[in-house]
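Mind looking over this structure? Questions follow.
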């Protein structure tokens, strides 16, 4: 059991999918519970993983390495280290909670949960895969269920959103594929094994290329590959200007899917950059980080916050806040300091939990009022105090209020980036003000003020909804008060990773 | 062997080339299925002239001639099929109202 | 300072209120419903009182120590430890924070007790106390934190609580807006604060001493010497950043605008948060980092200047206000200005001294006004009051004492602390004479508007409507008792800081380990007494004017109002138009930007995306056109096979072969030509 | 090994079996009443031939019939592909309403002779044989296209097809005649020898090659010889369309490779091919490839008729397949072979779905697929989705692996531009493939749309094909090995 | 300039002339008939090239077969009552230009190219040799061709007879 723990975590949901497919289509309760049950083992294993993870070891742990297509040196190679562990845990948790958040789905239940479980496998796979080819497979596998989940169970403009998401992501991933191949062929012996590719990172030259028809390219091989990968990841992050699929996808997707999107899919972009661009192409990273991670990240923070401020649709507002918050991650990793990079990954984790809560929170009132117009509510605090309380927690966490998890990561990021880019940091820090601005405004418009007669009788948040939010809330507080619970997992690997890049800073 | 004479390979080739061009021109400019078929026949003949000429001047032996014979055979086969199709179409128009028939263009 | 004394009970000073907050926050509602409000009150007040007791214990522990070792620390756990950044959750008490925790828990405790009376009728009683406790916790965290980062938590925490309590009656958007204003303005300050922290940390880190802990910063303060960034001295810039934070919290120009609106909250809240404790955090922070500020004369100058300016400006506004609480609010701003003035002339001791005395009399004033409002049934407009002194004697007397104190009547606390400040402003080598002048004028104005308030509220005959008059009554004991205590405080608190002239300044001495030896100003006894006389004179003049205008009514205020065509009056009455300007520039600007951003997103970026999609579609359409019309259309146009049916011509298309052949042939020809050119 | 006519017969079983079957079918068709038997019979014949071919696979190889055709793994590979196509199409035909109305006997006979023609296309090593086999396939294709009785669409398509075919093959033989003139022989080996010993005129050679490409390209359906395919695909009976789309495409590739690689290029020990210096047909193909995939995809965007759409997507895929040629090395060729197999599976699958839907509704417009998944046709819908995504090239489906190898080969040779064009194209292609999927799943059926029954046979076949698509996508080792092995050209 | 050459010129002129008629004539029937001239002329060329058998085949199959087929088709699809069949053609000029250029290129290339040469050109009856080769070297193509013809036959029947079933 223990030496295949990751495999089990990854493929349990797949097994679940098969089982669900075998169930009769109209036994909805049965299907729901089955899928819930199949997400439990990964969660338990995640807890186990958390306990047995060696925080002193910067290298890979729980690795499994089996040849797959020997002819091309493709292997089934998975494992975790500080870079991925937090994401693995988050995935296990969120996919468990989101099953319950999806309880309300009553159209095509079977298909929904089957696809959901497939998606679960895909996500988990992306975070544990250490073979480039495997990584790509999982990366794409995730795409299809997402397309259908948004496209079939989404809102009115679901088709547009689904295809937009699909095209954007595919465009990114094919570029990534080219980059992968380029790396594969420049490695010796040719391999998809990430660890080996990293070991040979010195091979990938930075001498200017002459690619027909661009014979006078200023960039070297590394830069070109870096860019190809970066675009692929930036679309997922989503970094300006590749972010416009996000609002649509979020708005149209059903609540649980929005949670997954924001909580996990967005992280894959930044995760990919850390896992691949940083160690594999350190020189290019060193050259391009300032503009494409630092500056762009800062821009994301401010731009996202501003856009969020202008939104009338509650879900869109949250979506844009994600754009803003993912900016911190980019800025942090560009700082090349222990604080920055750790803060970045912590921010990934926190954003996963916090935004998860936010979307669930929106889902609660959407299920009751069937609209998401921020202006359309008001005075909910007196109608549903418990809901208000927990929402406030989520919102304040997202605001980066001290004592809650968001604060830790944001401060670490800003602190970490100051050393290299003080000016950028100053700008990024103004994001703190903007964020406070639009979130407080939202609170005021939705929860405070005179009671909106329309919703006098709105039922208080129910136990199931509470069950999906409370665990996240607890995590938010714990991490805020005692961040070591997460930071200790990351530190060793991330500091090492950071060092490898810092060594190439010129 | 300059100039245009029966002892000169090139003269035959040029002849073939001219036929080929004429055939091509027919195919190009004609809208009419049968005319186009005629153009094809011209092309085939031009090729045949080449083959026979080459057989005579270049390779010796009769390989080229045999090739030509096969070309002629297949030309016949093709023509037969082509005619059959034309006939089929022709018959269709006896029975179905043409104004209602849509063409292949979407 | 080498080996601090480890203790393990300081944490309780901080945690007890948190406990109260947690209990009331989670169980308050059911408790209140099932068992009743008194239980909530116990849960709320007990922790604070206990915390006060612990603080006293800590205080006496310190007293017992040799001045050089007056320093207790309680390390709880390691909070953050990344790279060179190591931050513990640990609390410390040194003479300075000792003063603060005593003030916070002491006065805070009183206000808690007072609130049990004041808020008794409120439905959300439990919520009120939950937040009040939470505030106490944050404030204590702020003052006992041993590192900048931990302090920042308290710093923002108090902001949150102030937001929650200002907007306590959230059904009215006026309140919630006031709350948001407070929070956001504070955030602007925090923005400066956090940047200051970064700058300090990295500057030290470059020299291998990266830290955010006060003690270590103090030890390696020398490292800042000569450090430059963006062409300015690091210390100057860092202290300026921090000062931005201070202005935000302590409502100094230009970030003072939130405090008056904050009066929307319940009065005890105004007393605790917006008079006694939170707003003084800025002063505390500067005092805490005095060694840095002392290294940055430029910053000090700015601090002093802004302090003096605020003191004066707020006073002028206070002259024209008619809302009983707003007058107090502006007087608070003005008094805070004095404190910054003091800090700005490096007289940190004086600043903290005034902070303490101010806490007493201002709390007293607010609670007094609260008691009045309570009696008037929520009425806050002074013009509708008057003649209350018979109806509510206790309130009247305590209020009067406080007014005397704030006006600087001799032998009251305010007298000593304010004179200390003016004296320092006059003599300090960091100071300029005009600072003293401004301070002096401010003092005069203060005396004027405070007495104006006193007269308008308590003297003359009542201007309230009949109904209210009938219900006039003295407040219950739980409310008057604190008033009395505070009134006593507003007199006695001053005596521990007697000016050097009258002998021995205990307070300065107590703070010496923190601020270093109080540099001796070589001025004669006569000079000091002389200055006192002057300020007393100015003050009395203000009182006299107020007497004429609002008691004797022999002098019409309008006369003054109409000076310079009423320009000044309008300026003061409209608070120097700060709100309007900010609303237009910042709020408007941001919203505009936001809309622009959203528009760009929707139209430009998505435009490009959809555009590219459209282009592709368009190309394919063209392409289709080519297929279907250019090629086949040409074919359709000209007749094809024609054959006989019913005497009509019928066509069948051979399709697009011809036109395509053109293309092909052209391609081939070109290819061959190219080939020719290159091969020959 | 260089055998005469009699000696060759031992290595000629597959062809002989097919021929026998053809004759038998024709004969039986005259006497039998139950036409289904004919179909079964021809299936049997195909399976027999399949067995025979497999049995020959891997043998040392050699020239047969006086160097008319060659026996090597490469040719056998394409024979297998042709047989597979034939078998699948026959199965498809058995479950197709459309075909039931036809003259089964002739239908099968023509189909089989077409298959036989493909056999010869794959194995001919003589200009004459090449021409003959090409014509055999062409003529049979015309007939199959025009097979629908009383259907103007079908007949017109046939006529069109015939005319294009005539022009293309005419041009081709004209080009061939020049080769013959320059080398004095029709035999590939001779041609190779002559070309590489002498110093032929580059221009003449290039012209000849271009003309010959017309003939081949018209079978592979690459631009600009593609114009017939949309109409023909739409007009022909669906199974025939499927057959043409995979069979003649593959055969065309075979004959093209056979001529342009072993005959007129030289292979270096490292498996990279050197073309005659100064005769840049690879560059020509490079351009053609880019144009083909782009034009195909763009044209597909607007289509409303599924068969027509698949026709254009077929053009696009021809472009992808060409990528494997232009890189001029064995990786490329191997990737190409791999892709052909994969394309066979997924494309036939897609057309099978078309047949299923057409059986129920008799329509082929995309709109008729509205909410397919919710109309009791889950299996066809899901498998269609799989095929389409596979055609797009998404993992974990076979199509991805195919594209992956092609890209790999291209990038290895540093044809970055081509790679980028191909990548952008596959993104574009997603758009119309996903559109069909959207219609099937994301739209919901109107009351007017009836339920759709799937015959068990078709259901099983679909399941089989989609499973293959999935399995190859995840574990393709064996197939790679097979294609690797199939890359043996016999020479000397 | 001997008789042969004159004759050759004559035949060449006939061939090209009638081919031109096919290409340019506005009347499909004229085109069809002038095709006869071309075929015959080509047959003559074959004679010049010493390919007597091919010439015979050409006459038999082309003139006797294909041409008849074509004429049949023309007649069939042509309205029997004498309506002038318009046979307009589009894009003559561009076509002409294009083809002219191509022709020029071809001729240029032909002249440039060093074609293979035999030692000495022989004139000998070929029929026997051809027959022999058909049964030896070209056995397979021969059989294949028969298959093609068979398929074509069947196909033609199927396609043409379909309306009988109605």
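The first chain written gets the first letter, and so on, giving A, B, C, D and E; residue counts start at 1 in each chain.
Assume a residue touches a chain if its C-beta (ideal position, glycine included) is under 8 Å from a C-beta of that chain, and two chains touch if they have at least 3 such contacts.
Only a predicted model underlies this, so the values are computations on that prediction, with no experimental measurement involved.
Novice: What's the minimum number of touch steps needed to get from chain B to chain D?
Specialist: Step count on the best path from chain B to chain D: 1.
Novice: According to the touch definition, list the chains common to the neighbour sets of chain A and chain E.
Specialist: C, D
Novice: Give the chains in contact with both chain A and chain D, ordered by label.
Specialist: The shared contacts of chain A and chain D, listed by label, come to C.
Novice: Would you mind checking which pair of chains has the most C-beta pairs in contact?
Specialist: Looking across every pairing, the one with the most contacts is B-E.
Novice: Name the chain whose C-alpha centroid is most distant from the C-alpha centroid of chain A.
Specialist: E
Novice: Report back the single chain whose CA centre is most distant from the CA centre of chain C.
Specialist: The most distant chain relative to chain C turns out to be E.
Novice: Could you please state the distance in Å, as a whole number, between where the Cα atoms of chain A are centred and where those of chain B are centred?
Specialist: Chain A and chain B have C-alpha centres separated by 66 Å.
Novice: For chain C versus chain E, what separation do you get between their C-alpha means, in angstrom?
Specialist: Using C-alpha averages as centres, the distance is 101 Å.
Novice: List the centre-to-centre spacing of chain C and chain D in whole Å, with centres computed as mean CA coordinates.
Specialist: 76
Novice: Counting only Cα atoms for the centres, state how far chain A is from chain C in Å.
Specialist: Each chain reduced to its C-alpha mean, chain A and chain C end up 35 Å apart.
Novice: Going by the touch rule set out above, which residues of chain D reach two or more other chains?
Specialist: 128, 132, 135, 139, 142-143, 146, 150, 152, 155-156, 158-160, 163, 167, 178, 181, 184, 203, 207, 231, 431
Novice: On chain B, where are the residues touching two or more other chains?
Specialist: Those would be 13, 20, 23-24, 27-34, 36-37, 39, 53-54, 58-60, 63, 66, 70, 74, 77-78, 81-82, 85-86, 88-90, 92, 94-95, 103-104, 106.
Novice: Hey, what residues on chain C touch two or more of the other chains?
Specialist: 613, 638-639, 641, 643, 652-655, 657-658, 661-662, 665, 668, 672, 676
Novice: What is the complete set of touching chain pairs?
Specialist: Here the touching chain pairs work out to A-C, A-D, B-C, B-D, B-E, C-D, C-E, D-E.
Novice: Touching residues of chain E toward chain B in the complex: what are they?
Specialist: Within the complex, chain E touches chain B at residues 4-5, 8-9, 12, 15-16, 19-20, 22-23, 28, 31-32, 35, 38-39, 42, 45-46, 48-51, 53-54, 57-58, 61-62, 65-66, 69-70, 72-74, 76-77, 87-92, 95-96, 98-100, 102-103, 106-107, 110-111, 115-118, 121-122, 126, 129-130, 133-134, 138, 141, 145, 148-149, 152-153, 155-157, 159-160, 162-163, 166.
Novice: Could you pull out which chain C residues touch chain A in their complex?
Specialist: 29, 77-85, 149, 152-153, 155-157, 160, 163, 167, 170-173, 176-177, 179-180, 183-184, 187-188, 190-191, 194-195, 197-199, 201-202, 205, 229-230, 590-591, 593-598, 601, 605-606, 608-609, 613
Novice: If you look only at chain A, which of its residues touch chain D in the complex?
Specialist: These residues of chain A touch chain D: 68-71, 136-137, 140-141, 143-144, 147-148, 151-152, 158-159, 162-163, 166-167, 170-171, 174-175, 177-178, 181-182, 184-185, 211-213.
Novice: Using the touch rule from the top, collect the residues of chain D that touch chain E in their complex.
Specialist: 5, 19, 22, 26, 64-66, 68-69, 103, 106, 109-110, 113, 116, 120, 126, 128-129, 132-133, 135-136, 139-140, 142-143, 146-147, 149-150, 155, 158, 178, 181-184, 194, 200-201, 203-204, 207
Novice: Can you tell me which positions in chain A touch chain C when the two form their complex?
Specialist: It comes out as residues 164, 167-168, 241, 243-244, 247, 303, 306-311, 337-339, 342-343, 379, 381-382, 385, 396, 401-403, 407-408, 411-412, 414-415, 418-419, 422, 425-426, 429-430, 432-434, 436-438, 440-441, 444, 447-451, 482-484, 487, 491, 495.
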